[in-house]
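Two complexes are shown next, each including subunit A; its partner changes from subunit B in the first to subunit C in the second.
== the complex of A and B ==
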């Protein structure tokens, strides 16, 4: 099998990898925003509940979550396509991490920002949406980029629940031709090509947002 | 066929019995990742051609999924006649993958040490290796304890990936039960809950450690 055949074969799975990533973001972004803000604003029992939901998605091993939702939901009568399960589980897992970045970003803001808003007579909602969130989200943008990379990498797991992504295709090709070296190295390279440009964007953002800090976060 | 609580409970002892394997994998991988990671950082630090190569290697590791690394080692090594047990391959894979992350932790830990320390060590006539071992490393340990702890939790959550290579850790054990009984939902859910509890407990311990270490030192 020629190198070109291997690459074309792996590339066939790119659509699924990209779809799971994009649908995953559809879950991750709202979850991260809503729960991050909720954890920031709530107190008492409400905060305990919000934290419990976040911790469930964030602290579980994502590979087990994927299997549990794939195998256990049909048992209780909910049968979803593998794509939906994959996007939901991976998305909410990354969303859980994102919520912590949103909350940390909000907490790191100078108190004077909120107080100035109050002094101007803005409503709590206006202060959050027009003063706090824009600053917090910009400050945390490099972290969000890293989470996108984490999501792209995590999509390799959907090969285990029958979705034909790049990893699945590579394994398929490896079964036809016993050439594990070029096949799996090409697969590594394929993910690198997909993720590295995103990492470079993250580094550029890091320099823009936080020029003082030398720490090279990216990836 | 609903979710059978009694059956779920009956799988707890068998799955919990594999917790030792899970912890062994996590500890061994963490040690391996710390060793590789420290070497990577020490090689990268002086810069030059070698520094650039190592830097690229770290970026490459971080832009590729851990599952694909495990497949690579698992399928490529035997091709060259190197037959290792699935456990060894799994621990090596996790060690390699997380070394890319720990290298950054070591970098931050070393960067945080005052520059004068290194200069003083040189002024006292210590060689490069001696100054790393006796001056830099001890001070670095304190800086990196908390982030290391967080990565230990990450590694713990990655141990179920080894089930893919048929290592009998907790998820592997759950799959064994599932394939014997044709019931997937219950054992997988049990494994998921045990992992969640374990990850939360260790994360709490890390937080406690973080607070202890951030207490001001007596001078």
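== the complex of A and C ==
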């Protein structure tokens, strides 16, 4: 089997890898934002509940969660498509990490920012949306890019719940032709090719979303 | 009773505040007439910043009352918000929003709180930036300005909401000496326009020139309250005398 055939074979799984990533983000972004903000704003029992939900998704082993939702849940009558399970488990796991970046970004802001908003008579919601979140999200943008890259790589686990992603394709090819070196090298390269542009876009985005810092450097 | 309190911009009665066991404010009573200029001074840790922050609800208090234009600040969040909208505050560290341009710093509350349209808010912002003499910096970000310019933007931002009362919490303490002057000039101009002002400051020249009354605090209490001429010439309290000596020599 030629190197090109191996490549093309692996790339047939790119669609699934990309889909799991994108659907995963559909879970990760709202979860990270809502739970990060909630952990920042709540106190007492509400905070305990928010923290428990975050910790469940953040501290559980992804591979085991995949098995639980795909293989164990049908036993109690809950059957979900593999794509839904993959996107949800990977997305909420990464979302759990993201929530901590959101919270850390909010907590790191100078207290004076919130106070200046209060002194101007802004509502708590306006302070959060107009003053705190824009600054926190920009400060944390390198971390978010990290997490997206982490998510792309973690999608290789969905090959274990029957999804035909790039990793699944590589293993299929490996069963046809015993050529582990070119196959797995190609797979490695495939993930790199998928992730590196994200890093580049991320860097570009960081410059775009931070006009204040750019302006300062321009002095 | 009702009539006299209507003339007062601020009325503080028997105010007490504790941080845990630490009694930061003790039996503070102070009335500020509309149009009055009050300077609060005192050694660090005397509670002067805490006091001024109680006047717009940035700090809570445990006993006593604070009224602004007759509105009681305290438990009711809506009342507090109402009072805040009549009050402008300028902080020691400026607290401009670094992610917004100078213009957007000024228009944010106009649009979100006063519900103004963009062009209307912007022309009002330009009016106040003009007053603090930096209209040409409107499109820049705070980090591109000097400290003195940033503090003048902070003053303009507070003025945009047309406050009845301006609170200054050590507005020049974070500034280099050559920038202090430009900020004090803006503040003096504001006083000449008849703004009610309460300033926590160590700028005794400003106090002498602008204040109607100097309030001296020590260890959480108001220990002396007098016209500047009296306060500087013949301070009656020994703590005030030592304070003035260390400051003037």
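By definition in this document, the second predicted complex is superposed on the first by the 199 of 219 C-alpha atoms of A that agree within 3 Å, B and C clash if a C-alpha of one lies under 4 Å from a C-alpha of the other, contacts with A are read in each partner's own complex, and residues count from 1 in each chain.
In the analysis below, a contact is a pair of C-beta atoms (placed from the backbone, for glycine too) under 8 Å apart; a residue touches a chain by one contact, two chains touch by 3 or more.
Remember, predicted model here, so these are calculated numbers, not experimental data.
In the overlay built on the shared chain, the residue A:201 is in contact with neither subunit B nor subunit C. Comparing subunit B with subunit C, more residues of subunit A are touched by B. Applying the stated contact rule after C-alpha superposition, one finds that A:116 touches subunit C and leaves subunit B untouched.
Of the two partner chains placed by the overlay, only subunit B lies in contact with A:149; subunit C stays clear of it.
Touch criterion met: A:184 reaches subunit B, while subunit C stays clear of it. With both structures placed on the common chain, the touch criterion links A:135 to subunit C but leaves subunit B unconnected.
Touch criterion not met for A:84: it reaches neither subunit B nor subunit C.
Within subunit A, the residues touched by subunit B in the first complex and by subunit C in the second are 215-216, 219.
Residues of subunit A touching subunit C in their complex: 110, 112-113, 115-116, 118-123, 126, 130-131, 134-135, 138, 211-213, 215-216, 219.
Within the complex formed with subunit B, the subunit A residues making contact are 55-56, 59-65, 67-68, 71-72, 74-76, 149, 153-157, 159-160, 167, 170-171, 174, 180-181, 184-185, 187-188, 191-192, 195-196, 199, 214-219. Put simply, subunit C touches subunit A in their complex at residues 56-58, 81, 84-85, 87-89, 91, 93, 95-99, 108-109, 112-113, 140-144, 157-158, 161. Looking at the complex, you find that subunit B touches subunit A at residues 1-3, 59-60, 62-69, 71-72, 75-76, 79, 104, 107-108, 111, 156-161, 163-164, 171, 178, 184-185, 188-189, 191-192, 195-196, 199-200, 203.
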